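In order of appearance the chains are A, B, C and D, and numbering begins at 1 in each one.
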Amino acid sequence: MDAVLGQLYAGLSLGSVLLLIALGLTLTFGQMGVINMAHGEFLMAGAYTAFVVQQVIGGAGSAMLIALPLAFLVGGLLGVLLETTLISRLYHRPLDTLLVTWGVSLMLQQLARDVFGAPAVEVRAPEWLRGNIEVLGVPFTTGRLFIVVLAVGAVAVLSAVLRFTSLGRRIRAVVQSRGLAETSGINSRRTDRVTFFVGSGLAGIAGVALTLIASTQPYMGQTYIVDAFLVVVAGGIGQVRGAVLAAFGLGVLQALFAYSQSVSTAKVLLLVCVIAFLQLRPQGLFSVRTRSLV
Amino acid sequence: MPKLRRRHVGATLTAAALVLGTTACGSRVDDTGEASAAGRAESCVDTSGDSVRIGLLNSMSGTMSISETTVRRSLELAVEEVNADGGVLGKQLEVVTEDGASEPTVFAERATKLIQSDCVAAVFGGWTSSSRKAMLPVFESNDALLFYPVQYEGLEASQNIFYTGATTNQQIIPALDYLKDELGVTSLHLVGSDYVFPRTANAIIKAYAEEHGIEIVGEDYEPLGSTEGIQTIVNRVQGSGADAVFNTLNGDSNVSFFAQYANVGLDAEAMPVLSVSIAEEEVPGIGVEKLEGQYTAWNYYQTVDTPENEEFVAAFKEAYGDDAVTSDPMEAAYTSVYLWKGMVEAAGSFDVADVQAAADGVGFDAPEGPVTVNGDNHHIAKTALIGRVNAEGLIDTVWSSDGPIDPDPCLEGYDWAAGMDKDETYC
Amino acid sequence: MREDYLEIRGLRVSFDGFVAVDGVDLTVLQGDLRFLIGPNGAGKTTLVDAVTGLAPATGSATFDGIQLLGKKEHQIARAGVGRTFQTASVFDQLTVLQNLDIAAGARRRRRSLLRARGAVPGSVQLAMETTGLTGLQDRPAGELAHGQKQWLEIGMLLVQNATVLFLDEPVAGMSAEERRQTGELLRRVRRDHVVVVVEHDMEFLRAYADSVTVLAAGTVLAEGTYAQVQADPRVQEIYLGPGSQGPGSQGPRHQAVR
Amino acid sequence: MTRRWAGSASVLSGYLVAAVILFGAAPVLLSDFRLRLLAQFLCVAMVAVGIGLAWGSGGMLTLGQGLFFGLGAYIMAIHLQLSDAGPAGRPAFMVTGSGLPWWWELFRNPVTAVLGIIAVPALLALLLGLGVFRRRVKGAYFAILSQASAAAFALLLISQQNTVGGSNGLSNFRQFFGFALSDPVNRRMLYFIAAGVLIAMVAAVHQLRRSRYGELLTAVRDGEERVRFLGYDPALVKVLAYVVAAVFAAVGGALFVPIVGIISPSNVGVVPSIGFLIGVAVGGRATLLGPVLGSLAVSYAGSTLSENVESLWIYLQGLLFVLVVAFLPGGIGSLGAALRGRRRAVGDVPGRSAGHGPPGRPLVDGGGPERAPAGARSGGV
């Protein structure tokens, strides 16, 4: 029982990490058809933001709180920079954005290496994010709990924005039909930029969260990007609820496989599951009925 | 028109086939019986001038560059010292550097280049087992010399490689002795990265444990560079109730492992972790407070109290800044240059065969203490040290073996290892 | 000569609860140039989609005794039912000849696919002559004028050996002269094909339609000759009446389903 | 017609030049070391030829060719290990393993090994391709799935320490079908084999491209939905190109093993799989020779530049990807044509203008593959 509960929690926390990364991806993928391989490097930028903030102000507790919004800003600005300089030229060639952003990600990794050095740097977790809360004899580590909360919060805020604000309505309109949205007076170019900002900003936040459980080093983004894309594909493009279900589903599945088999086998099984799943639902869990995407 | 074109394509292919056909076939394995005897390239090492070339082959890019950059630095430091001291056999060492790019095939390619194009007398470098395995056939078929500076899984003894890091009986087995005798451990959980060193080390540990009545309560592997399964692994470790953890995780997985380990409320008191792949330079990235009090097994620490080490650390800090730390692989690399120098001078020649013949018994007062080359298996006798991480992030020696331990890469001196599968080429 | 006909009975298409086509019956005979009209959202294109396999539907649509519903697009095409699209969708990178050759080739034996094309196949030659594209055979389709692209599409239908042709707004965006030529082309084609044209252009309709079916809100509102349909008060009310869309109006191309 | 003539003439002279360089000049001018390196590059170029067909002509961006490269390489490596070990022998590396896995035995025989190198990847590609293309998974979905499959394959290999050497992979081969690998004459023979195979592959793709199938493949790339309504099943059309690309990658991998002397999971994962694409993009994905030449140039640049200025090559690699894909989707070869095209058609859509490539074959503009004809699924109700 303990073991099952512990593994469910492991799955939940892994799912939260994947969700934080995949949320931004699914937004940009859904709205613009852009596959941003540099998304992982925005995550890395967020993690290094946390490191820099900690170096500057020292106190780990306040540093984490300052780093979160700052990392959102850093990730977002990097995203907008990428969008305006390169991606905006490639909207009609989605597969090419994949390759171009891969090139960007290579350069960003090397840049991080040259600036911060190759070895991992330490971002100390604040006092209140160390240790655990024990429930039913299972230790729920507060650091991972924080990530779960962060992910749930991000989903809540994002859903609220999409549903209730005019920005959200614009985004949904563009996702469903770019042409129609444009003819009804929505500046889709500006909406794209805002979406990219938000999506990349979320990666920045995910980066800060990752410093609690993983090492902060130039290649950290690469470790997660493939899994995050699997979440996007399984969830259905442009679907927040799909991403949520897919992230937690894949997270829990992986944790259970890892417990019963081994960690490596778990990842292989996971991929097999996703391919099998796409046989049943090629559009992912949820799909938007659009006339532009065939 | 299409016909014309097809005919030309056909002509090209025929030409290709002709060229293939007329190429005289080289020796067949059956012809000579022994493949390696055939057509070995002649050495092109030039020792006529007042300098001689050596190659430094380390990963300066890619994931392994984190560790290998520091090895490169200590190699360069040693070469500088040797040159300042008059060189080897009166010849200055001229360094040719290459990047292994954390990629075994690149190691093989660059090793070939160093031997065949740059005509170096010896190559120093490599870190991962896969890089060594990739280079091994290159050095054997070209009959050249590689000095490999990292502790590894043993069970190999090529005549063209000198292994200046520890083999398993100089690191893993003393660590197990320590856990059993000094800490009274009766059950162990094995945690490692998913690659050859942890898997082989754990095979040895399991054989040892069976002989000495230690229970292995769990064995988990995390893919290299990954952190996603760490939470599951720590869950399992905590649930296993083991007396101690034997940790062969490599690199960044350690960061995640120790953070999670501390967060679920485990520490060195509750369940000590003995790591064999965490050295001084990894400590800051993991976090000193998470590691404090945990154990490591090596043959050298920065805190080792010998006059040679005092000089080594001082020279290193002078060259690379006060924050620079020294570690076991760095020291082993530094030592390897001096050992080669000793062998060449004992042989009075740079020739590979002469150096191999003169290698046995060549010694050096290394920073870690006295070391001696074993001419049979090309490993070196060295002292095992168990250490604990202190509050400054350095490692203090808490136990050491009685003097240097003779290298035994094939574990021939251990009855309990007799049943293990071994590489018949070398063991 | 055998008379082919397309027979649709009780066709129903719904998307997420919205019924786009609601119990349509339609019979089109060979030699009859049938026009399908109706206001935006009437279900014209959806009907074509359903019969050609793009939209899942219930009911029945048979041609030559073969049930078309439930088959995959390429199987329906092989059964002899072809279509064009509102936006000309020819292969821009390929030449006119290549476009037609591909359209003509679905029944070729697999092995012949691996060889290069030797001489121009007769059916392709004929189609180029019929559509007036002979002189342009080596021109990439992407470089053709708008009208020429539409003709190329029709040509592709012809060489495809389709007996039932669905044409979705074939004259949209064409000049008057191009429309006339297209109309003549359709007249030539109808003799040995079942032809259904979805069209908004009333002038064109009046000039070339043999018969007209009016759809509204997913059902058949009226059917008959142009004059009969025009005289129908219900049709006038929803479509041709004063104040509604005049002749030639095409309406927006992309209407939302919901 | 004249354009066709010009095209065939230039392609023809390309063959001749390639044959002269590969069989004549290179072996004479290059040292053994450089020749070995060139042979290694030729193996990578074989993968590129396949990608050129699948991606350039067929629009399938396959980010997982490492999977097939690895399959071919590992089968070859297993065979070489077994021949080294002698009849009924066991390869030396299996130090912690218990016994020889049964599937190793399949590749002990040289004939079954060669068949396996072709058949295993072909079958896998057929199954994967049918599963994916039948369900109309394409574009980005397909790219991501193929990438994930390469990642999973690498992980699987790493976790199989006992059977395929784990992260160390397989190495230390002594012979190639009975010929000693330490003999420079035999190494030269390996180079000639690689060169011959590469030229044969280019010729095969050449024939495919000018065949009706090639035209059909391009049609599927530019309008998969439209092709369906002409009575073809696009899944079958795509699967063939995908299988051919897989087999080419596998053969490249199989020859890579004796030439380089090692195969390990780091040669098959995500990074090397994308690495195969750089050369194809640089050389011009939709041209016949672009993928080969681009791949060779990129391999050479990578090897030369990183020999001493390590980080520079990483930046340059990234920059190449960005500049070529974003601004020259037709590859370097289309640079001149792109400039001319831009001058000629001022009002042209950016990105499309790069489409007019070398004479003879229509060259894809970068936008072609993914842009389905808008009409295919649109239209009012």
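Keep this in mind: contacts are C-beta pairs under 8 Å (C-beta built on N, C-alpha and C of every residue); 3 or more make two chains touch, one makes a residue touch a chain.
Nothing here was measured: the structure is a model prediction, and the numbers come from that model.
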How many hops, at fewest, get you from subunit A to subunit D via touching chains?
1
Chain closest to the middle, measuring from C-alpha centroids that were averaged per chain:
D
Which chain has its C-alpha centroid at the greatest distance from the C-alpha centroid of subunit B?
C
Which of B-D and A-B has more C-beta pairs touching across its chains:
B-D
Measure off the straight-line distance from the CA centroid of subunit B to the CA centroid of subunit D, and report it in whole Å.
34
Between subunit B and subunit C, what is the separation of their C-alpha centroids in Å?
72
What is the distance, in whole Å, between the centres of subunit A and subunit C, each centre taken as the mean of its C-alpha atoms?
46
Distance in whole angstrom between the CA centres of subunit A and subunit B is 37
For subunit C, residue numbers touching 2 or more other chains are 116, 252, 254, 257
Enumerate the residues of subunit A that touch no fewer than two other chains.
262, 264, 267, 291
What positions in subunit D touch 2 or more of the other chains?
155, 158-159, 210, 225, 311, 314, 374, 376-378
Subunit A touches which residues of subunit D in the complex?
61, 63, 128, 131-132, 135-137, 139-141, 143-145, 147-149, 151-152, 155-156, 158-159, 224-225, 270, 274, 277, 281, 311, 314-315, 317-322, 325-326, 329, 349-351, 366-367, 369-372, 374, 376-378
Subunit A residues within the subunit D interface of the complex
29, 33, 35, 86, 89-90, 92-96, 98-100, 102-107, 109-110, 113-114, 222, 226, 229-230, 232-233, 262, 264-265, 267-268, 270-272, 274-275, 278-279, 282, 291-292, 294
Mind pulling up the subunit D residues that touch subunit B in the complex?
4-5, 8, 11-12, 15-16, 18-19, 23, 31-33, 36-37, 40, 92-98, 155, 158-159, 161, 165-169, 171-175, 178-189, 192-193, 195-196, 199-200, 203, 206, 210, 260-262, 264, 266-267, 303, 306-308, 310-311, 313-314
With touch defined as at the start, can you tell me which subunit D residues reach subunit C in the complex?
1, 207-208, 210-213, 215-216, 218-219, 222-223, 225-234, 355, 362, 364-365, 368, 373-381
Given the complex with subunit D, which residues does subunit C contribute to the contact?
20, 40-46, 49, 52-54, 72-74, 77-78, 82-83, 85-95, 98-99, 101-103, 105-108, 112-117, 138, 140, 156, 160, 168, 251-255, 257
